[in-house]
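What follows is a pair of complexes built around chain A, which joins chain B in one and chain C in the other.
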Partner chain A sequence: MTRRSVRIRQSVGAYALIAPALTLISVFIIYPFLRNFKLALYAIPPFPGLPSKWLGIHQFTTTVTSDVFLNSLQATLLYTAMVVPLGVFAGLVLAVTAHQKLRGMAIYRVIFSTTAVSSVAVAATIFGTLLNPVNGLLPWFGINVNPPFLQNTTWALPAMAIIGIWEFMGLSFLLFSAGLQSLPEEVMEAALVDGASPVRRFFRVTIPMLSPTIFYAVAVGTIAAMYTFGQMDVLIGTGSTTYTNTDTLAYLIYQSVTVQPNAGVAACISIALFGITSLITFLQFRFLERRVHYVGE
Partner chain B sequence: MAEVRFEQVGKQFGTQQVLTGFDLTVDDGEFLVLLGPSGCGKTTALRMVAGLEEPTTGSILIGGKSVEGVAPQHRDVAMVFQSYALYPHLSVAKNIGFPLLSQDGSKDENQKKVREAAELLGLGELLSRKPKELSGGQRQRVALARAIVRSPRVFLMDEPLSNLDATLRTQTRGEIVQLQQRLGTTTIYVTHDQVEAMTMGDRIAVMNNGHLQQIGSPAELYEDPINTFVASFVGNPGMNLLRAQRRSGVIYVGDTATVNVLGADESIVMGVRSEDLQLSNSGVPGVCSALEVLGSEVHVHVDAPGGQTVVIRQAANVARPRLGETVSFIVTTENPLFFDALTLERLRA
Partner chain C sequence: MSQRRFSPRLGSNLRIVSSYAILTLGALAVLFPLYMTIVSSLLTAKQFGDTPPDFFPPTPQWSAYSNAFFSGHMWHYLFNSLQQTVEIVMGASITTVLAAWAFATYSFPFKRILWTIVLSTLLIPFEVTIITNFQTVNSLHLYGTMWALSVPFMVSAFGIFLLRQAFLGIPREMREAATLDGQGSMGFLWRVALPLVRPQLAAFMVISALGAWNSYLWPLLLTTNSTTNRTIQIGLKALNAGTIQGFNVVLAGSVIAAVPMILIMIFFNKQLVRSLTGGALK
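Now for the complex of A and B:
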C-alpha cells in the first residue's frame, strides 16, 4: 500500500469517528449561530406564518444605538464588574480558608462548593425570601431600604449581583481549591522557613502562583456574568419598576421575543452580546494573561 | 549561630513510628551529616528543626532554647529543600532576596546582600532569569544563595545534590563545605549517599529505621562501627559480614579456619573490609558471581558458604577470576571486627 492511500484511509477513519459529534454540534450550535445572523436582518412577526420583513443591517444599527440597548449594556457591565471581582475574591478566600489542615474541613469544602451546583432559580428564591420586606431575614435584622431592595432602583442591581456572586463563588472556590492543591508544597514551606508572614505569603507567593487559576476564573466568570438572566427573571420580571435597572442584555433578548415580540431585534442583541463578550475576553487575554505566571517547567 | 539539640525526640505519623528516642547534639558551627537509607526519617528530623513538623515526644532546642510551638518563620533557620523549592514566578535575584523582605534592612542593603550571595555562588550573570530558565545545578545554587543570604542561625540541607550529575555533584560538594567553613554556620546536611557523607562531614550521624545508630568522624565510623548496620552501610563497598564459629580460639567460616582470635566458643559475625580479603589457592571456598571493573581496581563478588556474598577488592593489574569460576579467599588482617550473632552489636575484646 502506498503512503498516500494509508493517509486517506486514516483520515476516513478519523472523520467517521468525529461524525456523531460533528453532527450534533452542527445541528445545535453552528446552524443556529449562523441562522441568527440571518434573523437579525428581518423584522420577525410574533406569529408564525406571517411574512418577515427585510430590514437589512439597518435593524442592527438602530438596535445597538437605542437607549434601551445602551441602558441594558450599562446594567450588564455594572453587574459583571460587581460579580467577577467579588466572586473571584470570595472563592479565593474560602479556598485558602478550607485549605488549612483542620479537622472537619471536608464538610466546609462540600458546603462551599454547593453554590456551584445549585440552580439559579433556587438561589433566587432563597435570596428573594431573605430580602422580603415583610418576613425576610435581612429586614428582620433591621437591614432594610425603602423602597425594599427588589423595588429599589439603587439596590435592585446590587441585589442581583449578590446572588450572582453567591452562585459564582462556588465555582471559583472549586477552581481555587484545585489550584491550591496543585501548588508545590515545598515552595509554600520554603516561604514559611524564609520568615514570611501569612500576609506576605498570601500576596507574594500564593497569589502569583495561583495567577493562572485567577485568570481562568476571571475569564470564565466574565462570560457567565455577561449572560446572566435567571435571577432577574425570577425576582424582578419585565413589568417591575426596577426592570430598567436590571435588564441585562440576556434578559433584554428574552424581553424582545416575549414582551415586544420581534425575534429579529433579539437576534441583533444576541449578536452584539456575543461580540462584546468576545472582545472583553480577547482584551483579557491580551492584557491580563501577560501577567500570569505559569508554574510548570 | 547556634547549637541544635534533639532530646529524646520521637515522631509518629498516625500509627507509624518514624523517629524513636532521637538524641543528638550538633555543636555550634559544626557541619553534621545525617546519613541513612531512604525512608529512615532524615527529612522528618530536618523538618522538625525547621518547624514544619512538631515532635510527638521529646524536644528540640536551638541555641539552648526549646523551639516547641515556635512557628517556622520565627526560628531563623534556612532550609535547602530536596526539590530546591524556588519561587517559580520570581527572578533569581528576587528568589535570593525573598528572606530579606522579612528583615529590617533597607532596600540598598538588601540588594547588596543579594549581589554578594549571588557572587559567592557564581550566579552574578543569572540574576534576572526565572528558575525555569536555569539548569539543575544553577537552581541548586540559587537555593543555597537564598539560604545564606540572611545569615541564619542554622542551615538545614536536604539532599541538595541528589539531582545533579556526578561531576557537578563532586564539585558542588566541595563548594558547600568551603562555604560552610567560611560562614561558620551550624549545618545539618542530610544524605543517603555515604560517599557524600564521608567527604563532607565533621561528624556523621548514621540513622536507620528512625533510630540513631552511631555518631562519629568518618574515620571512626569506617574503622570502629558499633554494629553490623553501620559496618555495612559506611564505606564503599560496605564491610563484609561473615557468619562464623569460634572453636578453641580459631575462627571458622564454614569448615575453613581463618584467623586466630582468643575467646569463648560461640557463633559470631566477623566483619572484614574488602581490602582485607584476598583471593588465594586455599581458604574459604566460593564462586565468583560478579565482577565490577572500576578502572584502577576491581571488586570481585564471591558467593561464600551459607549463601553469603563477600566483595574482594583487588588492583586492576592482578589476575581476576572468570564469572562462575570456583575460587577461594583468605582473610589477610589479624584484627577483623566481631559482632554478636544475635544482637548484631559489636563485640569488643
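Now for the complex of A and C:
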C-alpha cells in the first residue's frame, strides 16, 4: 500500500467516526442557531403553508425596543444580579469552611452537593410549598407577606431568585471545593504560620488564590441565570398577576414558540438574549479575568 | 506535615465552633426545604395549615404517593423519563466516543476547523435553538414519539472534548505496538483505550444522565398537548398546575422525581463531581 492510499483510508475512517456526532451537531445545534438570523427577518404566520412576509431588520429593532422585551430584559438581569453573587458567595464560604480537617466534613459535602442534582421542577415545587400561604410554616416564623410571595409584585422575582440560589449553591460549592483541593498546601500553611486571622486569611490568601475558580463560577452562573425560566413556568405561569414581574427572556422565547406562535419574533428574542449574554461574558473576561491570579504565573 | 491542612495546635476552639456553625447553617438551608417537603407530603390538608407547623407527620398519609403514582400518572412518567435518559446516555456515549477517538488519534483533512466548530457549539445554549428544533422534529415525523425527546441530545460537544483529552493521555507507543500486532484502530479503542478512560467515560455518562433526567424546556415543548410521552419533570409541573387536587400529591410527586438523581449522586459522587467540575480545572 502506498503512503497516499493509507492516508485516504485513514481520512475515510475518521469521517465515518465523526459523522454521527457531526450530523447531530449540525442538525440540532448549528443549523437552528444560524436559522434564527433568517427567521428574524420575516413575519411568520402561526400556521404552516401560509406565506411569510419580509420585514427585514425592522422586526428586530421593533422587538428589542418593545415594552414586553425591555420588561423581560429587566427581570432577567435583576434575577441574574441576585442569583450569581449570592450563589457564588454561599458556595465559596461553605467550601472554604468545609476544607478543614474536622470531623463530619464528608457528610456536609454530600449535603451541599444535593442541590446540584435537583431539577428545576423539583426545586420550584419545594419552595412553592414553603411559600404557600396555606402552609403554617411562614406565619410561625413571623413572616406574613400580603399578598403572598408568589402573587406579590415585589416579592415574586426575589422568590424565584431564592430557588435559583438554592440550585446554584451546590454547583458553586463543588467548583470551589475542587479549586481548593488543587491549591498548593504550602501557601495556606505559610499564611497560618504567619498568624493571620481566619478572616484576613480568607480575603488576603484564599480569595486571590481561588480567583480563577471564582471567575469560572461567575461566568457559568451568569450564563445559566440569563437563560432561566423553569421555576417561573412551574410556579407563576402566564395567567398570574406577577407574570410580568418574572417573565424572563427565555420564558418569552418559550411563549413565542408555543402560546402565541411567532417564529420571527422568537428568533429576534433568541438572537438578542444570546447577544446580551455573550456581551456580559465578554465583559467578565475583559474586566474580571485581568484581576485573576493564576497560581504559578 | 504537609498532609495537614490546618494544624489543630494553632486552631482555636472558636474557629472550630464557628466553622461548624457556618456549615450547619448551610446544611439547614439545603436540608430544611427537602425535609419539610417529605414531611408535608404525609400531612392532611388541615395539618398542613397548622401553626406551629408539624415537623413530624402525626398520622402519615401515604395516600399522596399512590395518588401521585397512579391518578397523577407519575408511575408512567417515571418510565418515560427512564427511557429518555437511557436513550440519551447510550446514544450520546456512542457518538461522543467515536468522534473523540477520531479527533484524538486520526489525521484527516479539515480536522482543525471541524474541531473548532465542535468546540464553538459549546457556546450555543439549547434555549436559542428551540424554534427550529421544534419544526425539525415535526418535519422528521418524530413529534409525538419518545425519540423526539432523546435524539437531539444524542451528542455532546462537552463529552467529545472530555473524552478527546482522555484519549490523548494514552501513550502513542501503546497504539503503535498494537498496530504492529495487527490490531486495528477500532479493536484498540474497544479493548485498550476505552477501559483506560473508564473514569472519564463514567463521568460523562453520569452528567449526561443528570442532564437528561432533569431536562425541562424540551420535554415541556413536546408534551404540552400530548400526555403519553410526558417525562417526570413535566408530570410534576402538571401536578403543580392542579391536575390532581392536593398539595400533598404535588409534594409526593417532587419526592418521586428527585429520588433517582439523589441516588445517582450518592452512588456516583466521584464521577458526578469530576464531570461537574471538569471544566474548571486544567
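By our rule, the second predicted complex is superposed on the first by the 273 of 297 C-alpha atoms of A that agree within 3 Å, B and C clash if a C-alpha of one lies under 4 Å from a C-alpha of the other, contacts with A are read in each partner's own complex, and residues count from 1 in each chain.
Everything below uses one rule, namely that a contact is a pair of C-beta atoms (placed from the backbone, for glycine too) under 8 Å apart; a residue touches a chain by one contact, two chains touch by 3 or more.
Everything numeric here is computed off the predicted structure, so don't read it as measured data.
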Contacts of A:Phe274 with chain B and chain C, given as first, second, both or neither: second
First (chain B), second (chain C), both or neither touched by A:Thr241: neither
Touching partner for A:Val205 - first (chain B), second (chain C), both, neither: first
First, second, both or neither for A:Thr61, with chain B first and chain C second: neither
First (chain B), second (chain C), both or neither touched by A:Ile253: second
Partner chain in contact with A:Leu39 - chain B first, chain C second, else both or neither: second
Touched partner set for A:Ala191, first chain B, second chain C, both or neither: first
Touched partner set for A:Thr153, first chain B, second chain C, both or neither: neither
Partner with the higher number of touched chain A residues, chain C or chain B: C
Chain C-contacting residues of chain A that also contact chain B: 186, 189, 192-193
Interfacial residue positions of chain C with respect to chain A in the complex: 2, 4-8, 10, 15-16, 19-20, 22-23, 26-27, 29-31, 33-34, 36-37, 40, 48-53, 94-96, 98-99, 101-103, 106-109, 111, 114, 117-118, 121, 123-125, 127-136, 151-152, 154-155, 157, 160, 185, 210, 213-214, 216-217, 220-221, 224, 233-234, 236-237, 239-241, 247, 250-251, 253-254, 257-258, 261-262, 264-266, 269, 272-273, 276-277, 279-281
Residues of chain A defined as touching chain C within the complex: 7, 10-11, 13-15, 17-18, 20-22, 24-25, 27-33, 35-36, 39, 90, 93-94, 97-102, 108, 110-122, 124-130, 132, 134-137, 139-140, 166, 169-171, 174-175, 177-179, 182, 185-186, 188-189, 192-193, 198, 212-213, 216-217, 220, 223, 227, 229-230, 233-235, 237, 250, 253-254, 257-258, 263, 266-267, 270-271, 273-274, 277-278
Chain B-touching residues of chain A, taken from the complex the two chains share: 184, 186-187, 189-197, 200, 204-205, 208-209, 211, 293, 295, 297
Contact set on chain B toward chain A in their complex: 50-52, 71-79, 81-83, 85-90, 98-99, 101-103, 132, 146, 150
